[in-house]
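Structures given as structure tokens follow.
After this come two complexes, each holding subunit A, first together with subunit B and then together with subunit C.
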Partner chain A sequence: MILNAAFYLFSGLAALATLLMIFQRDPVKAAMLMLAALLSTAGIYLVLSAQLLAALQIILYAGAIMTLFIVALTATPAAWRDKPGRGSFMKVLGLAAASVILMELLKVSTALKAITVSPEFSETGTLDLASALFGRFAFQFELLSLVILAAIVAAVALTAKRRTAQ
Partner chain B sequence: MIADPLAYAASALSGPLLLVLTAFVCLLLPLFIRQLRGTQGLIALGAVLVAITFFRQAPPAELAFFSEALLLSPLSSYLWAFALGVLALVIALSIARPPAPEENLGEYYFLLFMAGIGLMVLVAAGDLFTAFIALELLSLPVYALAGIRRSKPGLEAAYKYFMLGAFGSGMTVMGIAILSSLYPALTFTALKVGPAQPLALAGFLLVISGFAFKTALVPFHMWVPDAYEGAPTPISAFMAAAVKAGGVIVLWRLFSLFSGGPIREIFWWLAVVTAVSANLMALAQKGLKRLLAYSSVAHAGYIAVAFFGGRQGFEAVLYYLPVYAMATIGAFSVALLLEKEEKGPQIEDLAGLAKTRPWVAGAMAAFMFSLAGVPPLAGFFAKFYAFAGAVNSGYTSLVIIAIIMSAVSIYYYLKVTVVMYMKPSANGHTAEAPGLIEAVIFLMAAGVILAGIFSRPLLEQAAEASRWF
Partner chain C sequence: MSAYALASAAFLLFSLAAAGFLTCGSLVRMLMFLELMLNAANIALVALGPETVSQAYAVMLFAIAAAEAGIGLALIITLASVFRTLEAENIKELKG
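Presenting the complex of A and B:
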């Protein structure tokens, strides 16, 4: 009972924070609201007894990635002045697309009610995660290391100072 | 039966592993050994050629590795040979005209190799999860390669490609998440036998849209013209030949899960909208690379038409991919040859080419006619088999639309040829000593002509490979 209440509380908070974030025009306030949304998502994970996921959510998303956001915001002052335009045609178009997606979501969620996806919550611990990563998904894990390395090299190649740019 | 599957797998996998090794060599060794700077291209080309010689005829069986993440079969070896060929050609073009400043050449070849490995894993992927990671390994380096010169058009291309590509990846992940809740194994075989559910439909739609982004089917094509135009020309050729091929193979795997129903209808509409709008938009293009970009979108539409031919259609797709790759790499090489500014030559710049460089003009005409589908060039047979399969399966109206739009396309392909042969040269092409680019152009021209006149061998290979899907 109390778990259910907590689940709905965190879900509501996450949805509310996301909505407020979308309508926020100040980038820093928007980032803070996104932080609230990420933290409440961590709360949902905790209620679903996925402690590891909750911890990772707080450390990685709320910690590392949000810090990156704030640093990026302070590093690019142009983003502060660059307020989104008020084109009415684009707004109508966006609303139309959003309503289509909302309809789809409602349809899917009614379908979702009919099936039980995972009957019981599993106690996913660090050990299970590790054995999946280095066992069944070892190949994909190694492949991902190449993806990340390629991303790092790409970032360096695109942003490093030119040595011979005199 | 194969004597030793492991021995075959070891020899087959040594190709990609060699590429990984060479990627690191290209990236790191020139930092320490000064003499090697600027020679990364030759190292890369040598490694790809060695990897091609490693190639063994695949045993007639499907071998699954890493809990069905990787499927090695005659199909995968056919597509790996294709991937290595494209990689070798792109490297040859990059050696002829270095697309990046010398200090960045190491990163350039590293990223190119990573994209090549991504393509090889993608076409051999046995489950959606692996396919997605391989797709990221294929696209992430290409985003960066598009902007590797850090010029304005290049960065714009990279930015647009990255933004829309990230959007597509997001949709794919969402779709995979939905599908994995229904089919935890996520292998293509598990998806096939799995019961149909409304929720699965939503998942499949998201995944298909994500891969349609990479294949550049309308309405997921917005990035194509700017990315092809702003990227260094060898990379544009790589996008057209390789990235598209990867998307096509996964789309076919998804398409073939269904024998009817809404997914097929969606593919029907994707094919029609792509073939019609891409050809109409191509009519007004003035830049050669932009024209080739829209032509690439249109060909994605024709390939989607071929999907409807069942097994025969897949055979046609496998024949279509190398034939299209040859013509488009050849055409991009001509663009590279005449390139004076970054966005590549205008079509008007080709005027008088037939006088000053008759052989290049002749090769370019062959590429254009092959893309348009004029017999006896390979492009004609590719389209013929692609459409014949769909007609045999009863999708006549779809094929009629595709043929009409294919006729429209003759206009803009012919325009290029007319400019080359009929218009006097305005600024005068300087005749340079033939180099590596010309070699690639003539190799591709020979390929386009020979694969048309003697289409049997390649077609037989494709038929053999298509049986192992």
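Presenting the complex of A and C:
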């Protein structure tokens, strides 16, 4: 019962933060609202008994990725950022388009109504996850290191080219 | 709680992030909303999939999201230094 309430609370918080982020003009405040949405997601993972994912969500998303965004926002001159006089009509239109997407998604997933899940708190999730990552999914997990290596090389190459061009 | 409620929460977050992606003009904000869309997909995966397998895939998606943010921001900063703007609508020319 309390887990259900916590799930709805964290989902509501994440949705509210995302909604406020759309209408927020200051980019740094928008980044802070995104941080709130990401931390609420960590709460959702805790409710779903994914403790490792909740920790990773806080370390990776709320820590590393948010820092990257804030550094990128502050490193670029203020004159390059979004214009203040942007009307909210486009935003309402975008929300209408998104509500159509939501309706479609809800319609195709009506079959899920028959399935009942009761989130129960379990402590062995992390152990099972580790044995899956280093056993059954070891190849995919190792391939990820190549993806990250390629990303590092690409990011360094892009910024190094910019530095020599200047 | 039905699986439908779990899915609806993830879908709601996804559509709100999609609305933000469609309406904002700044490239950095578009990337932020893209991350939130990926985040919503991750919630759906963890909430609806079989416990261990879906969590393993979610860990892999975390790494992919981090790589995507790194490359995306490097591309955006390079583009912004060429065009002197972060607004997507001002970046029209193919030959910078």
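Methods note: the second predicted complex is superposed on the first by the 127 of 166 C-alpha atoms of A that agree within 3 Å, B and C clash if a C-alpha of one lies under 4 Å from a C-alpha of the other, contacts with A are read in each partner's own complex, and residues count from 1 in each chain.
As a working rule, a contact is a pair of C-beta atoms (placed from the backbone, for glycine too) under 8 Å apart; a residue touches a chain by one contact, two chains touch by 3 or more.
Not measured: the values here are computed from a predicted model.
Student: Looking at the overlay, what does A:98 touch: subunit B (first), subunit C (second), both, or neither?
Tutor: second
Student: After lining up the shared chain so the two structures overlap, which partner does A:139 touch, if you call subunit B first and subunit C second: first, second, both or neither?
Tutor: first
Student: Looking at A:152, would you say it contacts subunit B, subunit C, both, or neither? Reply first, second, both or neither.
Tutor: second
Student: Touching A:112, do we find subunit B (first), subunit C (second), both, or neither?
Tutor: A:112 contacts both subunit B and subunit C.
Student: Now for A:37: first (subunit B), second (subunit C), both, or neither, which partner does it touch?
Tutor: The answer is second: A:37 touches subunit C but not subunit B.
Student: Would you mind checking which one, subunit B or subunit C, touches more residues on subunit A?
Tutor: Counted on subunit A, the partner with more touching residues turns out to be C.
Student: Residues on subunit A in contact with subunit B in one complex and with subunit C in the other?
Tutor: Shared contact residues on subunit A: 112, 115, 117-118, 136-137, 140, 144, 147, 150-151, 154-155, 158, 162.
Student: Taking the complex as given, what residues does subunit A use to touch subunit B?
Tutor: Touch residues, subunit A against subunit B: 104, 107-108, 111-112, 115, 117-118, 136-140, 143-144, 146-147, 149-151, 153-158, 162-164.
Student: Spell out the part of subunit A that touches subunit C in their complex, as residue ranges.
Tutor: Checking each residue of subunit A against subunit C gives 4, 7-8, 11, 14-15, 18-19, 21-22, 27, 30-31, 34, 37-38, 41, 44-45, 48-50, 52-53, 56-57, 60-61, 64-65, 68-69, 72-73, 75-76, 80-83, 86, 90-91, 93-95, 97-99, 101-102, 105-106, 109-110, 112-119, 125, 128-129, 132-133, 136-137, 140-141, 144, 147-148, 150-152, 154-155, 158-159, 161-162, 166.
Student: Taking the complex as given, what residues does subunit B use to touch subunit A?
Tutor: Residue list for subunit B touching subunit A: 20, 27, 65-67, 69-70, 100-104, 107-108, 110-111, 114, 117, 121, 129-130, 133-134, 136-137, 140-141, 143-144, 147-148, 150, 158, 178, 181-182, 197-199, 202.
Student: Under the touch definition given earlier, write down the residues of subunit C that touch subunit A in their complex.
Tutor: Counting only subunit C, the residues touching subunit A are 1-4, 6-9, 11-20, 22-26, 28-29, 31-33, 35-36, 39, 42-43, 46-48, 51-53, 55-56, 58-60, 62-71, 73-78, 80-81, 84-87.
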